[in-house]
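In what follows, structures are represented as structure tokens.
Each of the next two complexes has chain A plus one more chain, namely chain B in the first and chain C in the second.
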Partner chain A sequence: MDFSWILDILQRYVFNIANLQGMLRLATPVVLAGLCALITSRAGILNIAGEGMILFGAWFGVAGSYFFRSAWMGLLAAMLSGLVVGGLFALFSLKFRAHIIIMGIAINIFANSATIFLTREVFGVAGAFSDPNIAGLPPIEIPILKDIPVLGPLLSGYTFIVYLAWILVALTYVFLYRTPWGLHLRAVGENPQAAETLGINVQRVRFGAVMASGVFASLAGVYLSLGHLQMFTEQMAAGRGFIGMAVNTFGGGEPVGVFLSSLLFGIVETIGWRLQGERIMPVYFISMLPYLATLAALTIFTLRKQQAKKAALERAAREA
Partner chain B sequence: MTTAVEMLGIRKVFPGVVANDNVNLSVEEGEIHALIGENGAGKSTLMNVLFGLHHPEAGVIKIRGKEVHIRKNADAIALGIGMVHQKFKLVPSFTVAENITLGSEPRHRGIFLDRKAVHDNVMEISRRFGLQISPDARIQDLPVGVQQRVEILKALYRQADILILDEPTAVLTPKETRDLFGVIRSLVANGKTVIFITHKLREVMEISDRVTAMRDGKVVGVTKTTETNPTQLARMMVGRDVLLRVTKTEAQPKDVVLQIRDLHVFDDRNLKAVQGVSFDVRAGEILGIAGVEGNGQRELVEAIVGLRPAWNGEIQVKAQNLTTLNIRQRREVGVSCVPEDRYVRGVALPASIEDNLIVNNYFKPPIAQGPLLKPDVIARHAQELIETFDVRTPSKDVPAYALSGGNLQKVVLARELSAQPDLFIAAQPTRGLDIGSIEFVHRRIVEARDRGAAVLLVSAELEEIMSLSDRIVVLYEGKIMGAIEGARATEEGLGLWMAGITSEGSPEAAGH
Partner chain C sequence: MREKLRTITQLLRNAFGRSIGILLSILAAVMVGSIIMLIEGQNPLEIYWLLIKGALGSQRGLLISLQRATPLIFTAIASTLAFRTGVFNVGVEGQFFIGAICGAFVGYAVKLPMLIHLPLTLAAGFFGGALWAFFPTIMRQKLGVSEIITTIMTNYIATFLISYLTNYPLRHTPTTPETPPVQPTAQLAQFVELSEGTFGKGTQAHVGIFIALLVVIVMYIIFKRTRIGYEWRMVGLSFPFSEFGGINLDRTFIGGMLVSGGIAGLGGAVEILGVWREYKDLFAAGFGFRGNLAALLGGQNVIGSTIAALFYGGMEAGALGLEWSAGVPRQLIDIVVGLIIFFMAAEGMWAFVRRIKWVRGSRAVHRTTEDLEV
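Presenting the complex of A and B:
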């Protein structure tokens, strides 16, 4: 039988340079949201506030860029907002012992309304704010690499944050497994009492983890608002904070795992965009695709875990 | 000889309780000092004060003759005090070496872990004290005895000279206990001082140089071990004469009540916990299941009562197949159980004692009439059981969590035995109880047997198994290693079976 049509479709809709570029771009905010979830979950904290943190990051990125006419100032403003929101989240949930889920929900709702409010008050517009004065992050061409065929267009020419996300994946790995603080963070996440009796300040480690998660999330936010189009749109986080949590679970709480599962998300979203152009499916259905993919991935992940469990049962039964 | 630790006039008050009342403790350098007492006597409080986890209202602590102020855990560690807690504080997915060095890891260029130094330091300290471990093994893969060794090394790595061991033998096999005692002796030979918390009097006699006994927050006696005996120590701890041995008559076994054939059960990690176990329990006898914890006992009990599915095999009570019945149906057949974790499965902690006493029969007369409960009957029911089982409580309406462990266990016993079971399962029934309560629980178990119930006793305490059981089987890695009549069993022989050794013959022979 002739399967060349399958290859054809795969090449047309999935594996071509443009799509792979799209994948890497669209995966970037998810990678960062995933790191946000990772760093807190490995410290034993269930942080569902990533969504709100992303939204704040996006807004302050645009504001910083608009007022200082500099994308770098936007980046800085966003990161500061991440530190502040992360700090508040940590202060209330860790120090004042507010319920961590309620606190997370509160931050998400607050971020949603606060950014809508601020957009209207500060920029005098509703829904979305864009302006030629908002400086975008320039693409970075990597010398030598950019001239290599295939690899050049694939790996060169993205904005700073894309590369930063890759670097942060590596740094997070090194931090977790090669530094004493990473060891402390994992110990705190796995057995806080053990860490405590050895003189590790559990509270401080968790505080740090939440602050770091704020920075990761805010970078995801800046990428959304300054990475491509220079604009802030209401609710532009669009669930990426939660997808970050899914990606973290799917990636087994490992930096590289988070990166790879984010790519999966990125490719699905890219295909979605392509299909929108083809008009073969209703647009609303297509924009559901990334979320459906997340759902499917998690379901498959869980099913496979259950299957492995069952297989182990049967193996043990045969041995007995 | 100098004094390593001196605690003078220590007073520690918790809301409503004086945990330590003018307590004096003096431990000589290089000695093994046993600290004994019933639960709630204040031993752990005293040690937590010494280790900087509690702050006393009054009192002075001197370490090596110098007065010190221990405000936090880190102060105690800096003074060379180390503590091995009853519940280990290890990170399961970390290696042995990572656990030992955690919190004070050697670094490489200031910011990186020096993994070679971590490994080497741990090897060095393990060699110096003759405590063998493999630094790269993960904690989750190691047996309890080795995990405990890691805890001791953790303290030694932090240069502890004074080691506090909180009930260290509670989780060990007899063999592991002997190894631990060897380790303790070599530590003392290396100039360390050991404070050994326990309520097992035999161990006190075997390992300690001196003993301090506590009762109700006060020190009631200090003596050299050579100048005392278990009976005297028990009297000191409890404040009255205690029967260390259970008195019971010869068993009169009748029909088979519980029949188990080729039972296989999985644990929570989906590993086979019970592997092809078969045995019978007859009416009027106590079958003791001995074994180190985690060898399938929990899963076996849960499979019988219906908390866990049996993978295959037969469970019959009074010739009725249980495997297809749900928990309530099994109870209706005549199964009662004192579960091993009384705080989780034994009682509902926030519910009143009265309510806890009816959870097994609230749905049927006389407690209920149709869909309605009968408060007056329930109240009378509770009052009666509280009296017969001597539950010490201000009223039947207080929540279960307000009771001490011993009284809580009496509530569980009262409920389970009042159902007049044909099969009575007691899982670790005296764990964590003091000598007085243990005596009570043991008497009730023997009474249940004499009434004609088949009793399945599961316990990790060899002494308990040996003094109560008419027959004993030993579980090791989910299999029965051997069975023997209670009267013919010896501790050494059972100990071998518990360690999985059969080659040295029957437990009877091995004992002589």
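Presenting the complex of A and C:
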């Protein structure tokens, strides 16, 4: 039997530099959305507002960059919007005791209409806004590394946020497992009552977690609007906030797990783009791929978890 | 007698306390909305006046309000049913679209007398919506996967699937992605057509509103008077408790969710048969999400959601006029409604209301489903 065609296909759609670069790029907003879900879920909060926070981040990124002619100002504006939206979300759901899911649903729908409204009122256009005055984030060439064959093109030359996402994965890991605040956060997530008795201010920890999630989400948004093409499009978050939640689930709530499962999404999307270029099937089915992949991955993940649980129960029964 | 009087006053007090909360929320949202308008350089009083006048000021405005409210009643009732059984069905959007395309397909592809064709088309919408709700429901009930992620994913899949269908297999004209027109035997008559142009000129209000109100009445009776309605409410309040009480969890829960999807789908079919009469790709996004908002606004009960949907429809009609006359984007309404919900959901913010003596006892300003496992 000749299996070389499999290698051919793999090389064509997965293992070549261009595809792997695409994977790392397309995974970036998902990594950040995943971190947004992670930091809140580890604090015991179900934050479904990530989608809306991404949209606000994308919009304010474009607005900041357009009005100050600087991508860094865009980044700053977006992060501020993340802090504000996260802060409001925390204020309403934690302090004013609004139901957190209702609040999340409302914020997502609100963000959608607010960004459409703002685009029309501030920029005077509907649908999408692009302008040569919007400064994009420049690619960063890493000295020395960029001259190494294979590794150079693979790891060098992305925009700042791609590297920031990698650094944030590492920082989140360090924060969770190597700092007292991380310990507090995990304690609050696992058993808030116990954490309270230990003198941890549960409310404050959760407030912080939600604000941080707002910043992560807004970075994902800036990447969408300033990372490649400098434009804001209505509904450009396209479900990434929810895919981030899914990624956090498969990643087991671990930063590294989130990163690896995001890469999986990156590769699915890259393959989609490749297929689109080759006109193998209608583009609509290709656009479905990330969402179908999310559903499939969630199903497989929970089925396996259920089986593992069943197996553990049987083992326990046998031993007893 | 005295006992009865006391319960009545108690009821009135509760209702009063609750409406105070809602009124304060609306007031706060209107204030924030005014600030936005002031920043935009508009006169808020004028804008609000135009809004109300556009929605209620004329027969035409009223009918447009009714037309905009019709699909929202379906999606709001669908969301309410799901919320009451303890599910956050944010997939109403996709279920609405799938119902619409199913209705459009059966509406144009089948040739039958009206008496059979119209019910068949509506049923197609209902089953299309229910089918679209099936997968997330099963995943939630059998595997415990949060329905929020799965229903959002199915929304996206629905929009791409429908774009494919209207662009390729069901496409009618080479110029635009839309299906062939629905047969006259499957159309829901518009009031203009019924009265031969004497009533409701320039509007597309149609008899579908009566189907919507029928659904409202049926759902109200189901929740108030029937066993399945009781079981839905119990499941929504507490899974373990209802299982202990002998409720068949799978059947009740899955049934509730499928009916919710079905109602959304029925709404989609009604919108197609009454207003559009053919499926245009992405003809009107957002009915599902606005239905979610209306259900939240209406305190997740059947009557409240219906009133909220009518209110929302009216505001949309007013906003459409506003977009024409004053150039204010109609998303302003969604923003204001979103703000109302933020303020309504924020029970703790209105805590001072409860401190006033005569509203004590009406604990919750806004009913929430706090103890849900999500």
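Methods note: the second predicted complex is superposed on the first by the 309 of 320 C-alpha atoms of A that agree within 3 Å, B and C clash if a C-alpha of one lies under 4 Å from a C-alpha of the other, contacts with A are read in each partner's own complex, and residues count from 1 in each chain.
The definition used in the following text is that a residue touches a chain if its C-beta (ideal position, glycine included) is under 8 Å from a C-beta of that chain, and two chains touch if they have at least 3 such contacts.
Remember, predicted model here, so these are calculated numbers, not experimental data.
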Chain B versus chain C as contact partner of A:Q193, first or second or both or neither:
first
Quick one: classify A:F96 as touching chain B (first), chain C (second), both or neither.
second
Looking only at contacts as defined up top, I'd like to know whether chain B or chain C touches more of chain A.
C
For A:P180, is the partner it touches chain B (first), chain C (second), both, or none of the two (neither)?
first
Considering only the touch criterion stated at the top, classify A:K309 as touching first (chain B), second (chain C), both, or neither.
first
Could you say whether A:L46 touches chain B, chain C, both of them, or neither, answering first, second, both or neither?
second
Contact-wise, after the overlay, does A:A114 reach chain B, chain C, both or neither (first, second, both, neither)?
second
On the A-aligned overlay, A:D2 touches which partner chain: chain B = first, chain C = second, or both, or neither?
neither
How about chain A: which of its residues touch chain B in the complex?
178-180, 182-184, 186-187, 190-191, 193-200, 309, 312-313, 316-317, 319-320
Seen from chain B, its contact residues with chain A in the complex are 73-74, 77, 83, 85, 89-94, 98-99, 102-105, 107, 111-113, 154, 264, 266, 270-272, 275-276, 311-312
Flag every residue of chain C that touches chain A in the complex, lowest number first.
40, 88, 90, 135, 139, 143-146, 148-150, 152-154, 156-157, 160-161, 163-164, 167-168, 289-290, 292-293, 296, 329, 331-332, 334-335, 338-339, 341-342, 345-349, 368-370, 374
Chain C-touching residues of chain A, taken from the complex the two chains share
46, 48, 51, 92, 95-99, 101-103, 105-107, 109-110, 112-114, 116-117, 120-121, 238-239, 242, 245-246, 282, 284-285, 287-288, 291-292, 294-295, 298-299, 302-303, 306
